[in-house]
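In the two complexes that follow, chain A is the common piece, with chain B as its partner first and chain C second.
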Partner chain A sequence: MTLYLLRRLFLLAFVLLALSLLAFSLAYMFPGDMLQNLTGLRYIAPEQVAVLTAEYRLDQGYLAQYIAYLQRILSGNWGLSFASQQPLLQEIGLLLPATLELAAYALLISFFAGIPLGIIAAVKPEGVISKGISALAITGYSMPVFWWALLLIMLFSLGLGWLPTAGRIGVLYEVKHVTGFMLMDILLSDSAHRNDALLNALRHMLLPTLVLATYPTTVMIRFTKDSMLEVWEQSYIKTARAKGLNRLQVLYRHGLRNALLPVIRQIGLQFSTLITLAMITEVIFSWPGIGRWLIDSIYQRNYPAIQAGLLVISTLVISVNMLTEILHTLFNPLARKR
Partner chain B sequence: MKLQWGWLSPSGHSRSTLTFLLAGVTTLAGCQPNLPETVRSGLVYCSEGSPESFNPQLVTSGTTIDAISQQLYDRLLDINPENGELIPSLAKSWQVSEDGKTYRFRLRSDVQFHQTEYFTPSRPLNAQDVLFTFNRIMQTGHPFHYQGGGNYPFFQSVAWASLVEKVVAESTDSVRFELSRPDSSFLSNLATDFAAILSAEYAEQLLAANTLSRMDSHPVGTGPFRFKEYQKDVLIRYYRHKNYWREPAKPDQLVIDIVPNNARRMAKLFTHECDVVAFPRVAELKLISQRPDVDVQESTSMNVGFWAFNTSKAPFDNAKVRRALAYAINREAILQAVYFGHATAANSVLPPTSWAYNPDLTVQQYDPAIAKALLQEAGYPNGFSMDIWAMPVQRLYNPNALKMAELMQADLAQIGVRASIVSYEWNSFRRKLSDNEHDSVLIGWSADNADPDNFFRPLLSCSAAQTGTNRANWCDENFDRLISQALLTADQKQRRSYYMAAQQYLAEQMPLLSIAHSQRFQAINSDIKGVQINPYGGIALAGAIKDIK
Partner chain C sequence: MARFRLLADEHQARSPLRQLWREFARQHSAVAGLALFSAFFVLAIIAPLLTPHAPYLQNDNLLLLPPSWSELGLVQYPFGTDDLGRDMFSRFLVGTRYTFGIAVITVLGALIAGLLLGTLAGMSRGVKSSVFNHILDLALTIPSLLLAIIIVAILGPGLLNTIWAIMLALLPQFVHGVRNAIAEQLNQDYVIAYRLDGANNLQVFRRIILPNIWERLTVTATMALSTAILDIAALGFLGLGAQAPTAEWGAIIADSLDLIYVAPIGVALPGLLIFLAVLSVNLVGDGLRTAVKKRREN
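So, the complex of A and B:
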């Protein structure tokens, strides 16, 4: 097991290294002045050029430049954003929690809605309920997320006027940034009107979370159902039934645990799709997360921000992938033995 | 293994909690809970863009001025929005010397600067603050002069540096401006949103800490609101200035929510996420005014949309050609198709509400026959080819320049002039205009104050041709003489006669064709009272009251 973990970590390190190489080379491939792309400074005074060239080791070979780049990344000096002239790492630190929060709640919903629905659908695969759930899952799966989001806004915001259309919380609530996770920050704040703020934040969160949860939920339903049906055919289930256990007992004690293993793996595989969908959701709901920021940066030709954003998002996706794989192995005795 | 799987078993329970939570959240949405003061009386103004700076001296864009000027700052004088007269503000009285070259202002003694997280004022406003404000603009050796680039666009356009010789503090509450020549638009210029009074004490503190750039990013003023935070492209947050010398602002908090997308701004208005929305699209006004919960306010604004000819290029150096082109344009069609009827046809660059407007001008009516005849006289019986530059952005004075250009293209074809439409990205567009690369351009002007001079000098004078803001690149001695003579006298009747003559001269020379004076619109939630459009500048939100039912 230790060996397995080590192997995984080694692979992770290697992938991250390759990623950093790609991000590093972007600075050379982007149009414009390289020193500007690297530092993020919009205007570099002539007397600064020599100092910065030396600091970024641009007068040396590519290897030295790459090492200097790695050192800067590791020491937290990521350069400035063209648009705001603020340090990129600080900007990302403010934005990333918003995306993570949205993605986390969406994943939670997909868990708590998708898995039970999948199980229900698997209990009587030919029944009306099962067919209904499958139809729903297919519909949700094939619905374009932006269209679905706009439909919900039309109905709940513009039509019924129940829910707001944009942002994380009403702009009149001033919540101090501590962790960056809105609900946690509200609970941490000592305001007397915490509950109002909490309610307001939940109302803002509802539509984007629902929209983002749609796709993973449908994937979860289909996977749980297929996996359950497959497990159901196994001989140990038949044995359990033969012992006289009723359906529910068999389902819970023998079916579920084995059926959910592939589902765990799915989380990791679906995470990259989830992040892509989160970007679209963020743009539609003006959610101040890293996805919207990255898309804005592309529009603004904000090269340092694009570079840093790609690095952060890819690192995140790769790490989550790796983590779920390790979890899968931990829970699966068969895989552990290998 | 048991432990690790434990969380899965209560899934059914969690699902019901979640459903309950969702149901609760949606049902509670309708009613108004007992909200905190900052939220209940807070106002949300949804603007169309981010500010460039928090110092009005450095900018010209209306977006920035709307967001910062009236909220954070005061000026020596104000303009009465109803009749355009000058009224006292930070200066409680003023005197002009006989020769019109010395202005004395007596300041109020009870004006407090903002107390913020980064600055605590130790004294009320005095003459030093006025001195600091204007010396920063005038003295190139001033420590703050080159902070932010050293450009003071409004002050440069009125030739401030050559006009004001010096500013002197006579006592703590008295300031004297000495001018090099009489200028009857001087007081009006002091009342514009750009002439905001800054704090000299704050400047000293920044100078001591060597953080000069904070002057323009972390503002301190005397206005009804104080600065709290700015999240770029997201929002600006102000709180009420408790020691404001006028009646304190009604909203406890003012948030400027930055929503560049027009449709999204409308959606936020309908869901009441925005209380006041800047610049609703003219095409959508009908839809908005049908809703019972939204009011649309309109006012004639001091602006003009025009078609300027590059008079330094042939054939536009010929006044006959320019007049022929003017006769060829069907303005009524443009007013309907581009402004949707929400504008008045412009007969002069001056809007009819200005006191110097000339009602007896000979107006060029749409008449292709006269246009053809004039072209023949000018020696172009078969017409010619030209470019129409259409600005790529939507402005109040011209909501859709491309569409306007297309209409004009068709009109011009009737008299044999073959026009092609040209457009660039806004920044390059303006740069190329300043380099006079265009044949003709569809653009316009919004006034900063009520003085008629504001329509003539920055647009059509020789000095404007040099600095590149004269889009017609027109330099005419006669015209320049008329508008400078108008400045030398303080007698309004006499000034008026000069401006009347200037307008008549423009109608004959036609360096530009004035097309329309557009109305300014703003959409407001109907439970908000006390917000009015100011025809002379930025929006003032201090008097807004939210009427909670």
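So, the complex of A and C:
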């Protein structure tokens, strides 16, 4: 296991290195002045150019520039955003939790709705309930996320007026940024209107989370069902039944434990799709997360922001991938041998 | 089930393709999906011949005409016109070419490139294949929208540029699939037997590997197609893909969004078309997957 972990860590380091190379080379490929792209300064005075060139080691070879870039990234000096002229790292620090919050709740919903539904669908694969769940799953799986979001806004926000259309919380409430997770920040604050604020934030959160949860939930249903059906055919299930365990005991002790293994793996594989969908959802619901920020950056030709966004989002996806893979190995002794 | 049979029965005597079709045709939803898919496919090819009006022709006298079932509508314009007086129905028809047709081309491109690279990776061993794999893993982790954003930042927005992004995002799954399938095939006894007969790499690939992996490739391709349609539409909607006058379904939705109260059909129908296109692809893909599994079990 230690060897396995070491190998994984080595792989992680390699992939991150390749990623940093990619991000580094982007500064040369983006249009515009390279020095501006690297520093994020929109206007550079002529006397500043020489100083900055020396600081960024642009007068030296590519290797020296790359090393300088790595040093800057590690020391937290990520340059400025073209749009706001604020340090990028600080801006991302404010935005990333919002995206993580949205994605985390969507994933949670997909666990608690998708896995039970998948199991129910696998109990009688030819039954009406199972067919209904499968039909629902394939419908959700085929739904274009931006259209689905628009439909829900039309119905619940504009038609019925039950839920707000955009933002994370009403403008009346002022919540101090502590963790960046809205619900946690509200609970940590000691304002008199804490409960109202919490309710308001939940109402804002409901639609985007539902929209984002649609895809992972349907993936979860499909995978749980398929993997459950496969496990149910195995001989150890027959043995367990022959021993005299009832259906529920077999399901819990032998079925679920084996069937959920590939599902864990699937979370890692689907995470990058989830982030793509989160970016689109954020745009539609004006959710102040990193996805909307990145898409705004492309409209504003904000190249330093795109470069930083690539670095942060890819690192996030890679880490989640790696984590689920390690978890999968931890739970599955068979995979450890390889 | 007996492992060996002396006499092949009628069902097993059929060719693999016919067995596959038999299993596929048993699933009603898959056949319905195939019918819908074929309809979209035919539409994508002959759409320009069917349009009653030119999709980009602006008619100043007929701005924002309601659909023909409302009292103010005209029967010549079944779904009315948009704010520039362009016929909606013609635009939807031509949109099939962009959203659906281009998705098919993108997937074909990714499939061919993936087959080439996957074969190279599967047939080679050692450091070369290991480094290659890790680079692929990296590509797999970059979300497709982020990849599109980067390519758009370098090359500028446009349908063609986003196609490269989508192709690049789809590529790793093909390469991985082909590589794993080839690695699995190369371990089979019949490959060794064929090699002992003096077959070279190319012959092994053409006569043994390709016939054995095309089923799995088709299933991967249908899955990729549904992703490609959704991505093209989403990028068009965000304004990064197909640009304003182009009648791409996602771009039409973005165009009609500010008129959603006046002409909701401009948002509702293209979305429904995207949904139906993806649904048909998914139904066919699911049906194929089940059929392949059942055929192998028999």
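Convention: the second predicted complex is superposed on the first by the 338 of 338 C-alpha atoms of A that agree within 3 Å, B and C clash if a C-alpha of one lies under 4 Å from a C-alpha of the other, contacts with A are read in each partner's own complex, and residues count from 1 in each chain.
The working rule: a residue touches a chain if its C-beta (ideal position, glycine included) is under 8 Å from a C-beta of that chain, and two chains touch if they have at least 3 such contacts.
Predicted model, so just to flag it, every value in this text is computed and none were measured.
K.L.:
Which of the two partners, first being chain B and second being chain C, lies in contact with A:Asp196: first, second, both, or neither?
P.N.:
First partner only.
K.L.:
If we overlay the two complexes on their shared chain A, which of chain B and chain C does A:Pro164 touch? Say first, second, both or neither.
P.N.:
Touch partner of A:Pro164: chain B, not chain C.
K.L.:
Quick one: is A:Ala83 in contact with chain B, with chain C, with both, or with neither? Answer first, second, both or neither.
P.N.:
First partner only.
K.L.:
A:Leu260 in the overlay: touching chain B, chain C, both, or neither? Say first, second, both or neither.
P.N.:
In the superposition, A:Leu260 contacts chain B only.
K.L.:
Could you look at A:Met279 and tell me whether it touches chain B, chain C, both or neither (first, second, both, neither)?
P.N.:
The answer is second: A:Met279 touches chain C but not chain B.
K.L.:
In the superposed arrangement, does A:Ile306 touch chain B (first), chain C (second), both or neither?
P.N.:
second
K.L.:
With both complexes overlaid on chain A, does A:Tyr28 touch chain B (first), chain C (second), both or neither?
P.N.:
neither
K.L.:
Which partner does A:Pro116 contact after superposing on A: first (chain B), second (chain C), both, neither?
P.N.:
Once the two structures are laid over each other on A, A:Pro116 reaches chain B alone.
K.L.:
Considering only touches as defined above, state whether A:Tyr62 meets chain B (first), chain C (second), both or neither.
P.N.:
neither
K.L.:
Inside the complex, what are the residues of chain B that reach chain A?
P.N.:
Listed in rising order, the residues are 1, 4-5, 8-9, 11-12, 14-15, 18, 21-22, 25-26, 28-30, 33-36, 38-39, 42, 44, 228-229, 231-235, 237, 253, 255, 257, 259, 264, 267-268, 270-273.
K.L.:
Show me the residue ranges of chain C that touch chain A in the complex, using the header's touch definition.
P.N.:
So the residues of chain C in touch with chain A come to 134-135, 137-138, 140-146, 149-150, 152-154, 226-227, 230, 233-234, 237-240, 250, 253, 257, 260, 264, 267, 271, 274-275, 278-279, 281-283, 286.
K.L.:
Quick check on the complex: what are the chain A residues that touch chain B?
P.N.:
The contact residues of chain A facing chain B are 83-84, 86, 109, 111-113, 115-116, 153, 156-158, 161-167, 170-174, 191-193, 196, 199, 202-203, 206, 252, 256-257, 260, 286, 288, 296, 330-331.
K.L.:
State the interface residues of chain A toward chain C in the complex, per the touch definition above.
P.N.:
11, 14-15, 18-19, 22, 26, 29-31, 138-139, 141-147, 150-151, 154, 272-273, 275-276, 279-280, 283, 291, 294-295, 297-299, 301, 303, 306, 309-310, 313-314, 317-318, 321
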